[in-house]
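Read through the structure below, which is laid out as structure tokens, and then see the notes.
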Amino acid sequence: MRILVVNCNTNADMTASIAEIAAGAASPGTDIVPVTPSFGPESAEGYYESFVAAAAMLDAVERVDEPFDAIVMAGFGEHGREGMRQRWDAPVVDITEAAPMMANLVAHRYGIVTTLSSAVPVIEDSLAHAGLQHRCVAVRASEIPVSSIHGSVEAVADALELEARALLDEGAEAIVLGCAGFAGLDVVLRERLGVPVIDGVDAAVRLAETLVRARLTTSSIGAYRPPSTTKRWTGWTAAPVAG
Amino acid sequence: MRILVVNCNTNADMTASIAEIAAGAASPGTDIVPVTPSFGPESAEGYYESFVAAAAMLDAVERVDEPFDAIVMAGFGEHGREGMRQRWDAPVVDITEAAPMMANLVAHRYGIVTTLSSAVPVIEDSLAHAGLQHRCVAVRASEIPVSSIHGSVEAVADALELEARALLDEGAEAIVLGCAGFAGLDVVLRERLGVPVIDGVDAAVRLAETLVRARLTTSSIGAYRPPSTTKRWTGWTAAPVAG
Amino acid sequence: MRILVVNCNTNADMTASIAEIAAGAASPGTDIVPVTPSFGPESAEGYYESFVAAAAMLDAVERVDEPFDAIVMAGFGEHGREGMRQRWDAPVVDITEAAPMMANLVAHRYGIVTTLSSAVPVIEDSLAHAGLQHRCVAVRASEIPVSSIHGSVEAVADALELEARALLDEGAEAIVLGCAGFAGLDVVLRERLGVPVIDGVDAAVRLAETLVRARLTTSSIGAYRPPSTTKRWTGWTAAPVAG
Amino acid sequence: MRILVVNCNTNADMTASIAEIAAGAASPGTDIVPVTPSFGPESAEGYYESFVAAAAMLDAVERVDEPFDAIVMAGFGEHGREGMRQRWDAPVVDITEAAPMMANLVAHRYGIVTTLSSAVPVIEDSLAHAGLQHRCVAVRASEIPVSSIHGSVEAVADALELEARALLDEGAEAIVLGCAGFAGLDVVLRERLGVPVIDGVDAAVRLAETLVRARLTTSSIGAYRPPSTTKRWTGWTAAPVAG
Amino acid sequence: MRILVVNCNTNADMTASIAEIAAGAASPGTDIVPVTPSFGPESAEGYYESFVAAAAMLDAVERVDEPFDAIVMAGFGEHGREGMRQRWDAPVVDITEAAPMMANLVAHRYGIVTTLSSAVPVIEDSLAHAGLQHRCVAVRASEIPVSSIHGSVEAVADALELEARALLDEGAEAIVLGCAGFAGLDVVLRERLGVPVIDGVDAAVRLAETLVRARLTTSSIGAYRPPSTTKRWTGWTAAPVAG
Amino acid sequence: MRILVVNCNTNADMTASIAEIAAGAASPGTDIVPVTPSFGPESAEGYYESFVAAAAMLDAVERVDEPFDAIVMAGFGEHGREGMRQRWDAPVVDITEAAPMMANLVAHRYGIVTTLSSAVPVIEDSLAHAGLQHRCVAVRASEIPVSSIHGSVEAVADALELEARALLDEGAEAIVLGCAGFAGLDVVLRERLGVPVIDGVDAAVRLAETLVRARLTTSSIGAYRPPSTTKRWTGWTAAPVAG
């Protein structure tokens, strides 16, 4: 089985870090294919960057020239999920959905810790669209920009712990890490907090494998009926044009 | 890994059928332990039977005398899920949650086909409580009682197809089979309808394995903080009483 | 008129206390028949105990061998209400519904003070299912276990007052006592707080009488169509099996 | 105990009819005081008439010169309820709330049959504001104007039955009569339909008695803190002016 | 174009102040016709006063004897809007809708600062009915009664600023002034806070002009089908009775 | 005043048609600047195309080299709105918001007629995100692709009328045209249907002018705080990079 893991930004180091987490979550025999968009910002932290990242992720997958069985979208809260599902019949798992789903299976209420406050409304929108806000206590920002995550693991863990404890006080019983770059911090925080802590990439790779094994592919009727392949596209080389 | 698969009724034939589906979904190395309640109705199709079944499932798991890694609750819409989660730290996957979650990953809207109309409000309540009604088009009854499912596979498939097509007309893009006894019909209907069709037991076993592999256990704070072990219980031999 | 008042736990002292409140609320000529389940925990404070209590209450009413006109379910937040309604055509009033309904008639927003925090999500679910969460400011726990209520009335009143005042600060204009065991504290707190304070047993007995006088019985179609009387039941002597 | 029963329109015949229903619902010893507004339309069937009727009902109660223990507002869906509650501490029961509350106690879902379609959105707003739309299947208009109700009981019953059956088909399990003028038709329709049918005036009088007996009065803080008595009012003789 | 601007209270000074704001917002060639109700309270700050004000505004417009192109209702949160729309086909803009609509176009979330806390639930109801509560962070009261607004502009601005800053802390990104009498304070607060601050009268006059220019009139079917002109009205000289 | 009117697709003829409508709606002295994206599909009718169109519209506005006062986004249901608002302080009006807002001011419920059914869920999402679904009866597809709109006005009008009448039957009282390409059809349908019919481009240009005249600009805090100008962007020449 081959799973594409698509970073939402153009930072190849982050793609590598995400791929490492993905590989750790994957079963033996599953190939993780990391994909980095060819255009866009070095990190996506707000509506503007997120909309460019959405197009960039669609473009990047269009350019993959090997077959694949599933797609993991590794941008927490980023747009594009429904477009990806419409385009391919291979199942698409967005980390923004995967981690809350897992959280709902092991806790009555959960909370999310993310990077900057500019990312919060984008994540809230994504949850609402997926119907996952119902049991989410809150999305809190640690104010750690994506670019600083790899500075000091200890400092990042401390900042996340602070917000996670605030979420527990508000009623959360499990914590979702709201950034694809918080690699490995789930283990650290699970230890510190004594509650389930869920990393989106880890959760998404596992769910993607599950869907493939269950032979489920995305429905091709209604909202996800594939886009027309006979339209004229301009200035966009990676369009779903026939033949 | 050992997964308990708990039937909601006292019909041992149905437990066997469920166990067969579960075994088919499980990975090599996973042991499926079928559990049949020692009391209750031969099928649960409505509020009254569902509340007795809830207690019966809690009782049945309490009596299991081997260690286990996860619990699959195989009664579609039946009560008791939150009690099960509160009692054990092994992850609990209810088929009522598992199949809709899978459906949400491969379709924008889904619909559920169940047995009798008396089961419909019970299922709707369970979805609402789990936050999964958001993208559910409707729950439709085929008016096939659980007891008749094993009569003629063809006749059951025909009845389910009829309701499933009505759901597709209402906007569903994937179908969830709303009874643990619809074993094997997912494959038949997938073929007939050309859309994803999801069996709850299959989905739940896969998700339970996923949670165990991800080393996630149920949170022990808040709603699922384990029940007191020092209370006095009367007339109930399977209580969570200490030592 | 004869009203069953069903305790949710096996503590006969609490049943007696509830029956006393019920008798105080009943009109002359109304007989209060206290019912104590024959199995279950000595108090129900969380999902696990609540699901066993639900089955125990259904069982207990099945064993009543005199005719009755209405059923009051005296477990605040406990499960089983819809099963009870399905089973009998005598009207069923759950204290979890009765007190908030009364509160809605005399206040724009209300709040609930209950026992332990483990009971809070169970109560919230019950309100949501009944459509009564709309104007509920919050459910707050006094952290007084049911077992300690009868220690010192003064101490209990103080603890409830503290949480009630917090609810008033959050916007509540009336207080609902969220435990069948808070007998008589409505009068004390009404005095202390100067706002309507409503006891569930008192409210439910009054509403049950009202329904009986209005000759209303539970609908026998749809969700509450009576359960089948021809099913095979195992290990459960109090099943609705046809004579 | 003395209960004001306030008609929403200026039709004295309808007040008399309402008073008769109210008297039939009241216990021995309860005095029903019928109140007819001194201004407004002969029937209220839509937003415009409803807003004038709201002011007229407030005015009419202000002019009552005997003490009273409770107020029943006998206009189905009409505005003014919250103003009435703010003004007096005697409990206020609106028939728009009373009948759905009763319905919720004996059915999982209910439907409302009213007069003209112009009344439907007004009723829907009132339910939404009270939090009672949650389990209401639909509000359907019989297109019988209030003025024609007293023509032929048989014809009115037939028209209501038609809409009521449509509501049952849509999932309703009990019927609420959505007009204070449908006096006595609850009995006829209960017979014809075999499900609970609830008249608002009957329900409201019973609930008003219940509140009085429970010594509950409207909260005087927050939304229902009484209006200022020191404001200058112009052209409105029935203002809550001090002294 | 001629726009009626209807004050909700009988204070002619406030009408003059509102008319001044309206004139400032109007384009050259638009005539602002101020309308003061002939009856009611000097200010409307709660349910009771609001329901009388609703009827008084309907009455006042009925008495206008010149043609007009649009109606602005200048009572923040006051009732009557839907009755006004039903009665006339000239478009009706309520300041309670206008300002939040503008806020939604320039901010993701907004908050409202109003006068007394008794006005808060009335405003919340109005927003909910209009579907505008979705992105409203909160309605906060400055506890400045309408009658004191014209005392000291500086003191009023200080009080509003305090509550506005609290709203910004809660996540608001724009502020709506929740009283028709806060004339001119939008400019002051915009300066102080550095975020969009919106006055309802200003917004409503602009939207009213926009609707007139777009040749949009209120729909005359469904909820806003004009009231009957053949009904008998009593004690109300300004009824919509046919010629 | 200069208003950018941004087409969502690369079809310059459609841009011209949109600009014509915009010019017709604009006041004297307002310059309409039509903007066509330099990349993307010739029409956007579903999630996939919509996400590319969102990035293309952001890119296109970034390349405008003259100052402007407001932005109209002329793609009904298309993504990108929040990104546009975050990036510029000039007010942004999306036709998907503008027409429903106008409809809410002149009708109690409205319906939307759009092109293909693949566009329906995208529009529903946009309404939900804006809080405008509350009073929307339904979004119905005429199944006329954008590319065929300019074939026969009569045939298009007939198809839209059919769906519009279905919406009126479902309770809509006004109709919103759900495609920027339905130019001029509002007038035709208003005539045919006798209810308000609203074109999004017309409505949006009018609201944009209104915001500019009211000196309102997009809030620069919270969700719309401008994106960082110091990030590294790759392969995207129109990024918000500082100086």
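So that you can tell them apart, the chains are marked A, B, C, D, E and F in the order they are listed, and the count of residues begins at 1 in each.
Definition applied: contacts are C-beta pairs under 8 Å (C-beta built on N, C-alpha and C of every residue); 3 or more make two chains touch, one makes a residue touch a chain.
Everything numeric here is computed off the predicted structure, so don't read it as measured data.
Asks: Moving only between chains that touch, what is the shortest number of steps from chain A to chain E?
Replies: When the steps are counted carefully, the minimum from chain A to chain E is 2.
Asks: If you check the contacts of chain B and chain E, which chains show up for both?
Replies: Chains touching both chain B and chain E: none.
Asks: Relative to chain E, which chain's C-alpha centre is the most remote?
Replies: The most distant chain relative to chain E turns out to be B.
Asks: Chain A to chain C: how many Å between their CA centres?
Replies: Centres of chain A and chain C (C-alpha means) sit 44 Å apart.
Asks: Would you kindly tell me how far, in whole Å, the mean C-alpha position of chain F lies from that of chain A?
Replies: Averaging C-alpha atoms per chain gives centres 29 Å apart.
Asks: What are the residue numbers in chain A that touch two or more other chains?
Replies: Expected reply: 82, 85, 108, 121, 222-224.
Asks: Assign the assembly's chain-to-chain touch graph to one of these shapes: line, ring, star, complete, other.
Replies: Ring.
Asks: Could you please specify the touching residues of chain C with respect to chain D in the complex?
Replies: Residues in contact with chain D: 25, 82, 85, 91-93, 97, 101-102, 104-109, 130-132, 134-135, 168, 171-174, 194-196, 198, 202-203, 206-207, 209-211, 213-214, 216-224.
Asks: How about chain E: which of its residues touch chain D in the complex?
Replies: Against chain D, the touching part of chain E is residues 10, 38-43, 45-52, 54-56, 58, 79-80, 82-87, 117-118, 120-122, 125, 128-129, 222-225, 227-228, 231-236, 239-240.
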